[in-house]
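Scroll down for the structure; my scribbles are underneath it.
Every chain is named by a letter (A, B, C, D, E, F and G) in the order it is written, and numbering of its residues begins at 1.
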Amino acid sequence: MNRLIKSIPISILSFTVYIVFTGSIKLYDIVTGIIVSIAVGLITTNIVLENPKKASDPKRFLWLIAYSLKYFFISEVLSHIDVIKRALSPKMSLNPGIVRVPYETNSDYGEALVACSITNTPGTVVVDLDKENKIFYVHWIDVKTTEPSLAREKISKMFDEYAKRIFD
Amino acid sequence: MYVNETVVYIGEILVAIGVFCDLAASIGMLRFPNFYVRLHAATVGTIGGAFVPLIGIALIALGAEWLGTYRFFLAGASIITAIIIIILAPVGSHVLARATHKARLVKVEPKVVDHLEEDIKKKEGDKNA
Amino acid sequence: MKKADVFVIASIIVFILSLAYITALGGLGPLPPINVRRIAINYLNLTYNTFTPYLTVFALESVTSIVWDFRGLDTLYETAVFYAAIIASIALYRGVYMDFKKNTEKTGLSPIAKTVTRISLILIPTVSASVALHGHLTPGGGFQAGSIATVVIVLSIIIFSRYFLPIHGLSKNKALLFRSIGLLGIAITSIALLLIAIVLGVNAYIFQNQAKIDAPLSFPSLVDNYILGGSLLFFNLFEFIAVAFGFTIVFLLLSISEEKVKKVTMDG
Amino acid sequence: MLEIFTLTLLTLFAITSVVAAYLAIRERDLVKAVVYSAIQSAMYALIYYVLMAPDIVLVYIPVSVGLIPAVLLFVIKKTERYEGD
Amino acid sequence: MIWPQVSIGIAPLLLTIAAFSLPLISLVIKRRLFYHIYALVFTIVALLFAFVNFYLVNYVYGHPLVYLFGGWPGPLGIVYEIDGVSSVLGFLVALDMLLVVIYSWWYMKNEDGVEWYYTLILLIETGMLGIVYTGDIFNLFVMIEVLAISAYGLVAFYRSKREAIEAAIKYSIVGATATTMYFLSVVFIYGTYGTVNMADLALKARPWLTSTLTTAYSFLSNMSGVGYGNVFIASAIALALALWAFTFKSAVFPNHFWLPDAHPEAPTPVSAALSGLVVKMGAYATLRFMYTIFGSNSTLDIGGGMSLRDAILLIILILGAVSAILGALVMIIQDDIKRLLAYSTIAHLGIIFMGLGVGLRGVSTALTSMAIAGVVLHTINHSFGKTLLFMASGLYIKATGTRSINFMKGLGKIMPVTTALVILGLLHLLGVPPLGGFFSKLLIYNALINSGLAIFALILILSTAISILGYMKLIVTLLVPPRPVEFLGKIREETLPVSVLSVLAGLIILVGILSMIGGIDVLEHIASGTTSANGIIDYINAMVQTSMKLIGGG
Amino acid sequence: MVNEYALFAAYVVVLSLYVNLGIALYGIFARPSLVKKLIAITILSDTANAFAILVGYRWPIGKLPKPPVITELPVTRKVLETYTSTAVDPLPQALVLTAVVIGLAVTLFIAFIIIQYYRLYGTVNIHKVRRR
Amino acid sequence: MSLEEQVTLFIMIVFPLYLLSFTLYIIRAIRGPTIPDTVLAIDALSFDIAAFLALLSILYRSPILISCAVVLALWVYALDIYVSKYFEARDMGD
């Protein structure tokens, strides 16, 4: 029973995915969706969730939405333009290297969010990470600085702050 | 009034952006000198070239009444595909880059700096000492 | 290049050219054809046809109808082939047991991949279940859904390590159990109407789905005007289970460490 | 218009698949061969898609792009990577 | 009125269900005895059903019986269609597999993995019954695969033996290629004729029948239309591909190389099943393709001079002749008892294929029926004989711990009953008169001689003559006075395997007696159901009549 | 113009299938590595499958071919008529579905055996084994 | 011009560009020079093809074709993972 309650956030997520993927809300879809989502929730709760209380906090979702808006409309656009310019300009101005970028978020999900955000913006790719010292090794197409804290300022400060708010 | 049209036009703009990113990414793929730099082109290809147009397609499908009732299926599946891509693509690149670096398959050349290499060497030195 | 190679290449080229020449002579008519064949029209016509109530499947998807109703026997035995392959592999690995190791922190790929895989554990099974449960309405079905769900299995074995699934309660024997349940579900669905008919004393066919002219029983096909596809739904569901767990067995076996297997399989 | 378009797609995919299959067979590095055969399979999946067989694509992509390369890589990891002579 | 129909469809299905649930039960019950009894029960049930089918087809109805799966008419759904030949072969398969399972009880006494072994054995039987009963060429493909993959698994059962694994690899790669070719052939046939149903194809490949069978023709053309494209060329290429696959499966001359590796390496009961039954399935499929579908006067049999069908039959004859000679020749120099028996299988399959090649144009239906009857009888004889010999070789091998014939010197003194039965089996395979083997060879010989193929008849004699040497070597080795052998004291004949051998010997003698008192006539009558025009008409009509009942109100 | 191009393209596609068939056969019979043979087998069965699907296609002249799924509800006579006149042939697709699964099963099993072969012989190259 | 025709025309215009970029990707995939390059090219190619397939399903007016795109995206990611694992780990199961 405890597990069932714990799995509610996951079940809701799963149900949403099911309905969106099916694209219809007839009785059949809803019934099967509920069954499937409960099953998925029960099976995966212990693997996916660390702290179910966090998952049912609406404030975190608002931060997530704010973050994604900012991320998609500002960081992504800017970095896309930058890399496309480099790819298309006749004389490629490349200045690549792997730099240390420290991060501050504590949870696994926050770490993953920051890393994925860094990788998803063209121009920076997380090559490796050091969990103990909390350092990402980022391949940067245009190394402006080799100083870790300055690099964090340039690459991942925004992601890191939001990640702390969303997941910590 | 012109809800359908508006939605479709927005979707078309997104798809057009996607195609442009796609072309740029493929040219970058060809021109960039080594694997690590190509990773960035690939990111352009997946986010700009796949995620954005998929959202656009979902919008087009919502506005495209001639597709019948299954257009919601199209829209929903496109959105799920887009979500899957944005979740999984960075991990793919990251894992590939990490494996390449670990197995020393590609030299990080040209480079300004390689902190990872330095740290690995330092660790090995600690172990040996 | 060796002499044997040349010979092989030459004979293959002759074979291919003759095949191509024969097709060019019109062995199959214009390829691809302009119209589908008569039997295809029949299949398409009988997929959902309220005007011939004794000759229809009452599902929207013609391929799934053929796979599980018109030619259900093929699919059952196809499942048997897959089953035989897995049983043969298990027989090859008989006496090899999985080992447990509690900690999966140090093994496997990078931590980011692990975290993201945990999220996809929600996403992928949901999508695959949707594909399975709508197999009679949209493209997809049991096998497709099962193989999509296998992504989760493969990813968790490769990203976390071979210990991940057994720790979370999916050992080889359990997978075999679920797989057998799925297979038995398929088999029982295929003869369900026959068994009921023997009790009731009426006629029925093996693999019967909807009522026939001399066999009055049928699976539920329309509930509240919503198409359920009769036995196709059950077949898809059970096949989904069977296939997903079948692949689980395969990959669990493949992931066992070589030293362990060698110890058992090398000596008599 | 649509016919020409469909045909062009088919031709492109078919030719690519031939190239990929040739490379897969000639390549001595088996990992590369597996990757090439994955390209070939992906091209065939696209051919199936254009030929209006979504069911086949759904079963074919997992099997040929996903599972068989996985199994083959397991095999290559357990055996040897290069094909001799 | 469900019963007689259901008995046709249920036998392979029941075996599949049994195979499906065996691993599930094995998680709960770990007793070895249980698995034996389980397999035994289901094979007995299958034998009962096979016997019922045999009885119904030949003695109650007198025409082919049809079961429609899913209640779908003819070409739309899958059809099991049992005519005389397939009912006989189905009975043979069930009987032989029952003996194999009983023998396994003894043989697998100390092996591990019995549950997997029996699962695969049940699937092999499923596959064979399915091949024999099916009336659908694509279902034939699926059943061939069921059979093949369980056979690969069983060949690789002794996983720590190098030769076994190598044989399994060879067998499986060759088999996978062959079945893919067969699938391509099915695609060609579907592309041309628009159907995969055998009865439907039989009608469509015989344009001259359409005026006779007007009802059937109108029904079938409504169901699956008429031919498409250049029927002649496509059938030719489809047939070529299919026959390539079947010769692979039956190990006939150019494609025989896998058999001598694969058969000996399997566990002995499986070797018996493989040599006794599995390879015959290729011959059976060839029979279906060359006589039921593309029979005489079919699409391939038109034009003056030598028609394409004649050419293919001649090729079959030649391949059969070459393998008969080759198998017999190579058999002589073998030292390994199981390899010797495997090469003998190749020789006998050559003889079977020679019998299959008789139905050239101009050869009368009676002669063709005689040849097919000979083929069926030889299949039966060879099954019993080879099963007996392989099982006996298993006894010898367990006794001596080796497969080399040289180490078996003088075993005749120590194991008198077994050796007597082995000699009986060898004489049977040679074709010594009162035993069954004589009659089948005689039938094929007569058919060959009378249809003007005297050279092939001579080859049959020659092959037999050569194989005498090989068999004699075995007999002499077993009978020579023993040298002081170290294992004298610890060998004894056990009851179970020897009684299985005795049953087989009894069957051999029974076949001989039955052949003498008129069994051959019955068999020729049964075979004429596959070769004669009337038989084909019956075959088509049975399917159409059964299917048309379902269309009635629709 | 369209028709000539159509014919040309169709020939290219069919020929490419045959060429792939040849490449796969070469791989099976001439390459020494068992893994390579296995790859060739998968290519071979892919080719056969693609051929089957091509046989069941409906040429896009006049009407646009559709996948064999009914998408309009409720199903009236008119819907059925358009459906039967536009959808492609479902039977080859069903056959290929079966064939793909069977091919997969065989491939899986051969893979397992190859691993066992390597354990026993120390190589997967049959030429090396033969030379011993 | 109705919305339908307009969308069709738009897709038709977009298509050659897509095919061009696919060709470039394929050239990179075949030229290599290392396996990660090839896999990366396949990766980007397949994600783009997923978008392309979605467009095709609009063009062919068969929305149900779309479910293939999801599968392609999923499995190509899996291909990345296998290859990385192959290079990174001592054993595939570790």
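Operating definition for what follows: contacts are C-beta pairs under 8 Å (C-beta built on N, C-alpha and C of every residue); 3 or more make two chains touch, one makes a residue touch a chain.
Keep in mind it's a predicted model, so treat the numbers as computed, not measured.
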item: Third chains touching both chain E and chain B; value: C, F
item: Chain F reached from chain B - shortest hop count over touching chains; value: 1
item: Furthest chain, CA centroid comparison against chain E; value: A
item: D-G against A-C, pair bridged by the larger set of C-beta contacts; value: D-G
item: Length of the line joining the C-alpha centres of chain B and chain G, rounded to whole Å; value: 11
item: Chain B-chain D separation of Cα centroids, rounded to whole Å; value: 22
item: For chain B paired with chain C, centre-to-centre distance based on mean C-alpha positions, whole Å; value: 31
item: Separation of mean Cα positions, chain E and chain A [Å, integer]; value: 62
item: Set of chain E residues in contact with two or more other chains; value: 138, 142, 145, 149, 152-153, 156, 159-160, 191
item: Chain C, residues touching no fewer than two other chains; value: 19, 28, 30, 32-33, 37, 39-40, 43, 61, 63, 70-71, 74, 78, 81, 84-85, 88-89, 92, 109-110, 112-113, 116, 119, 123, 127, 131, 138-140, 143-144, 148, 151, 154, 158, 250, 254-255, 258, 265-266
item: Per-residue overlap in chain G, given as positions that touch at least 2 other chains; value: 22, 35, 39, 60-65, 67-68, 70-71, 74-76, 78, 81-86, 88, 91-92
item: Which pairs of chains touch, using the document's own definition; value: A-B, A-C, B-C, B-F, B-G, C-D, C-E, C-F, C-G, D-F, D-G, E-F, F-G
item: Residues of chain C touching chain A in the complex; value: 110-112, 114-116, 118-119, 121-123, 125-127, 129-130, 133-134, 168, 223-224, 226, 228
item: Residues on chain F engaged by chain C in the complex (per definition of touch); value: 10-11, 14-15, 18-19, 21-22, 25-26, 29-30, 54-59, 61, 67-71, 75, 77, 80, 83-84, 87-91, 93-95, 97-98, 101-102, 104-106, 108-109, 111-113, 116, 119-120
item: List of chain D residues in touch with chain C within their complex; value: 51, 53-55, 57-59, 62-63, 66-67, 70-71, 74, 78
item: Residues of chain G touching chain B in the complex; value: 3-4, 7, 10, 14, 17-18, 20-22, 24-25, 27-28, 34-37, 39-41, 43-45, 47-48, 50-51, 54-55, 57-58, 61, 63-64, 66-67, 69-70, 73-74, 76-77, 80-81, 83-88
item: Residue numbers on chain F that touch chain G, as the complex places them; value: 64, 66-67, 69, 71
